[in-house]
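Take a look at the structure below.
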Amino acid sequence: MDLAEALPLGELAAAFAALPVFPLFDTAYFIISVLYLKYEPGAVEMSRKSPFASWLCAMLHCFGSYILADLLLGEAPIGYFSHNSSVILATAVWYLIFFCPMNLFYKCVSFLPVKLVFVAMKEVVRVRKIAAGVHHAHHLYHHGWFVMMATGWVKGSGVALMSNFEQLLRGVWKPETNEILHMSFPTKASLYGTVLFTLQQTHWLPISEANLIFFFTMFMIVCKVFMTATHSHASPFAPLENLLCPVLFGSVSSGHPGHHHEHHGASHEVSHPPPPPLPAKSKEELNEGTRKRKAKKAE
Amino acid sequence: MDLAEALPLGELAAAFAALPVFPLFDTAYFIISVLYLKYEPGAVEMSRKSPFASWLCAMLHCFGSYILADLLLGEAPIGYFSHNSSVILATAVWYLIFFCPMNLFYKCVSFLPVKLVFVAMKEVVRVRKIAAGVHHAHHLYHHGWFVMMATGWVKGSGVALMSNFEQLLRGVWKPETNEILHMSFPTKASLYGTVLFTLQQTHWLPISEANLIFFFTMFMIVCKVFMTATHSHASPFAPLENLLCPVLFGSVSSGHPGHHHEHHGASHEVSHPPPPPLPAKSKEELNEGTRKRKAKKAE
Amino acid sequence: MDLAEALPLGELAAAFAALPVFPLFDTAYFIISVLYLKYEPGAVEMSRKSPFASWLCAMLHCFGSYILADLLLGEAPIGYFSHNSSVILATAVWYLIFFCPMNLFYKCVSFLPVKLVFVAMKEVVRVRKIAAGVHHAHHLYHHGWFVMMATGWVKGSGVALMSNFEQLLRGVWKPETNEILHMSFPTKASLYGTVLFTLQQTHWLPISEANLIFFFTMFMIVCKVFMTATHSHASPFAPLENLLCPVLFGSVSSGHPGHHHEHHGASHEVSHPPPPPLPAKSKEELNEGTRKRKAKKAE
């Protein structure tokens, strides 16, 4: 890439990385997060019967990334809640999505073109959080590569990584699966992203932080908008994983039930409860359609 | 209230707030806490088969508030256990309640008039803890309103908020309910109390801390003594909640099965295990009678 | 013991206590830990389907002691992962045990004479960790006896104390038992060991730290090597416990099903799910044979 081309792009990337996320992008993050909470079976009923528990779940969905990162780094998990304006904003979003008269707010934000804009804005926040997490961990542990990667990962994945316990708060308990055993796209993308950001932070990847934020955000926006618009669950990482996993791990990773059967003649230790019939499908895939139908029914 | 009346009350409140809780009030707190542990099904058997696990459960019951507050604020959850005298006192209470020859100690402390005194003294400690929690959080986060409220709340509620995990330690797992989904009276009262103390701490409530401690303690003592003496579970908050919840949340809060049915025609998303038949009744209500009978039988 | 005899022993003990654990003893610790993970039902299948989850489980097995101690003391649970070389070494051990071609590495390390050496080396690390944990807690809480004992205990027991949650990561949930309710030998030995080290640290036990490390390590090595070689599960603490527990707790501790029945006529509160038929047998005892057979079958 010649310099003339690079300069405007560099400036664009720098401007992009400097965009303030509060309040617009954060609001979009809260809206999509609480929307997904509303899709969960029983969430609407819980909001009527136990509004406080519903509010707490919404706060976990909105701020789960900060809670997890603080837990990992030995800081106060409740620390982020000292940002009163963010909490009040998230509370307002929760209240409007669950209790707006005639469900008006919910209908507006789940109108597909509008929703896609919010999905894109949420990805901007996600990637910023990954970068900030890696940066913060680097500040505490200059050479703690694994610490940086873990912090960036939990910042990107957010509440998904504590889904078993968020469900427990709602009175639901599904121990046979979790986000680490069966990774959804955002969690997997956050994992790969945090590796890239850690390599960049430790100068192993010759790219500026602003450029990496820009390009990775564009990638995430394209993927998530496409997947949301088409209800497709084809993982963009599948081709690469199908190449590497059989070599490294003697099989494909969980995402390819066909390949799963081909390579697994030998290892049939199923003394624990059988995994869900399509283990490759993440929670996201199995639930999204059902959730939306139930959410509509519940209004 | 004219000044002449106010001065003695102010002095009384100040003297009351300055009362040292250790060792007398703390002992009462430990006694009532361990008593409620003993009421739990299987607790006596566990004390015989796994005395260490029983002791650990008792410690969670006695010091759960400190553990949770420290967890929230990123401090050492085990920090309070450096107060050796408190731990030894709680251990002695546990030992006497579970292992006293002829169950003498248990019979003494569960004699109703004696028990009511201890119940009243426990409420003194509870309210002090809420105030101390809010104060401590204010010290760390001067404007962290939500942090103050959360800290005060967990200090007041104690082990109840981690009941699922305290039960797990005893080999019991009941994911369909938890203290946030179905709040018992002490937990709900602690929630309202922490809001009041936070408003007082941030000067929005024009009352001195000592006065607030005094009045709120009197309120808690009257309620808890009455509820313990009469085995009544009528929540004193019910009238206010019945007014506000339909307006704010389109229904009544969990405590009114009748209203629950009236207002819930639309939201029947019950794909998770059905809630207990009388969702309004808290764990406390459903269990207390059963627990006491089993505890008696086990002696 | 006369001085002439004492001096060489004292020097031996001091030299022993100063032995660097990294990398040889740590490697042995990792090998035995990951070996026991491989024995778990479903572990091999999980390594093929969800290698990242498998790696994370292995990390919990290798570093669980550090994670738990940091959690207790309010430090960053991920702090130890800043030791990149340890993490890379543990990762290499995990990879070799699960993915070595023709399972060569697994076959080598599970060859009994070799395995017994590693078992002995693991005990060296365990005892060092207990001593270090007590020492570290003493540094933070000079008079916090219970804090010192708790820290030493979790350092010695490691992942066993979080077994319910390590299993949850693998999609397994067994709430009816846990390591505190039914202690395996290493956990119980770590508990007794931490008491000894705390008494030594607070000068109540008139023995040097180096000597205590030496003698306790020898005791642990003899017990664990004997138990591993003979598949025996007779606890060396049983005679002492059978003396003390009936006196202190009105029964024997969980380890003697016969005595359990004799002394438990009165306390049959079994409203929680019935304990496993042989409650005395620890997870270790019930599973080891089954695990090894399944692990062999899965190769």
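In this document, chain identifiers A, B and C correspond to the written order of the chains, with residue numbering beginning at 1 in each.
By definition in this document, a contact is a pair of C-beta atoms (placed from the backbone, for glycine too) under 8 Å apart; a residue touches a chain by one contact, two chains touch by 3 or more.
Keep in mind the model is a prediction, meaning the values are calculated, not measured.
Engineer: Answer with same or different: of all residue numbers used at the interface between subunit B and subunit C, are over half used by both copies?
Structural biologist: different
Engineer: Between 0 and 180 degrees, and as a multiple of 5, what angle does the rotation take that fits subunit A onto subunit C by Cα atoms?
Structural biologist: 120
Engineer: When the centre of a chain is set as the mean of its C-alpha atoms, what distance in Å lies between subunit B and subunit C?
Structural biologist: Chain centroid spacing, subunit B to subunit C, equals 36 Å.
Engineer: Residues of subunit B that contact two or more other chains, please.
Structural biologist: 74-75, 173
Engineer: Per the contact definition, I'd like the list of subunit A residues that touch subunit B in the complex.
Structural biologist: Subunit A residues touching subunit B: 41-53, 56, 70, 74-79, 81-82, 84, 87, 99, 168-173, 294, 297-299.
Engineer: Which bits of subunit B are touching subunit A when the two form their complex?
Structural biologist: 71-75, 140-141, 143-147, 150-151, 164, 173, 175-178, 180-183, 191, 245, 248-251, 253-254, 260, 263-264, 266-273, 275, 279
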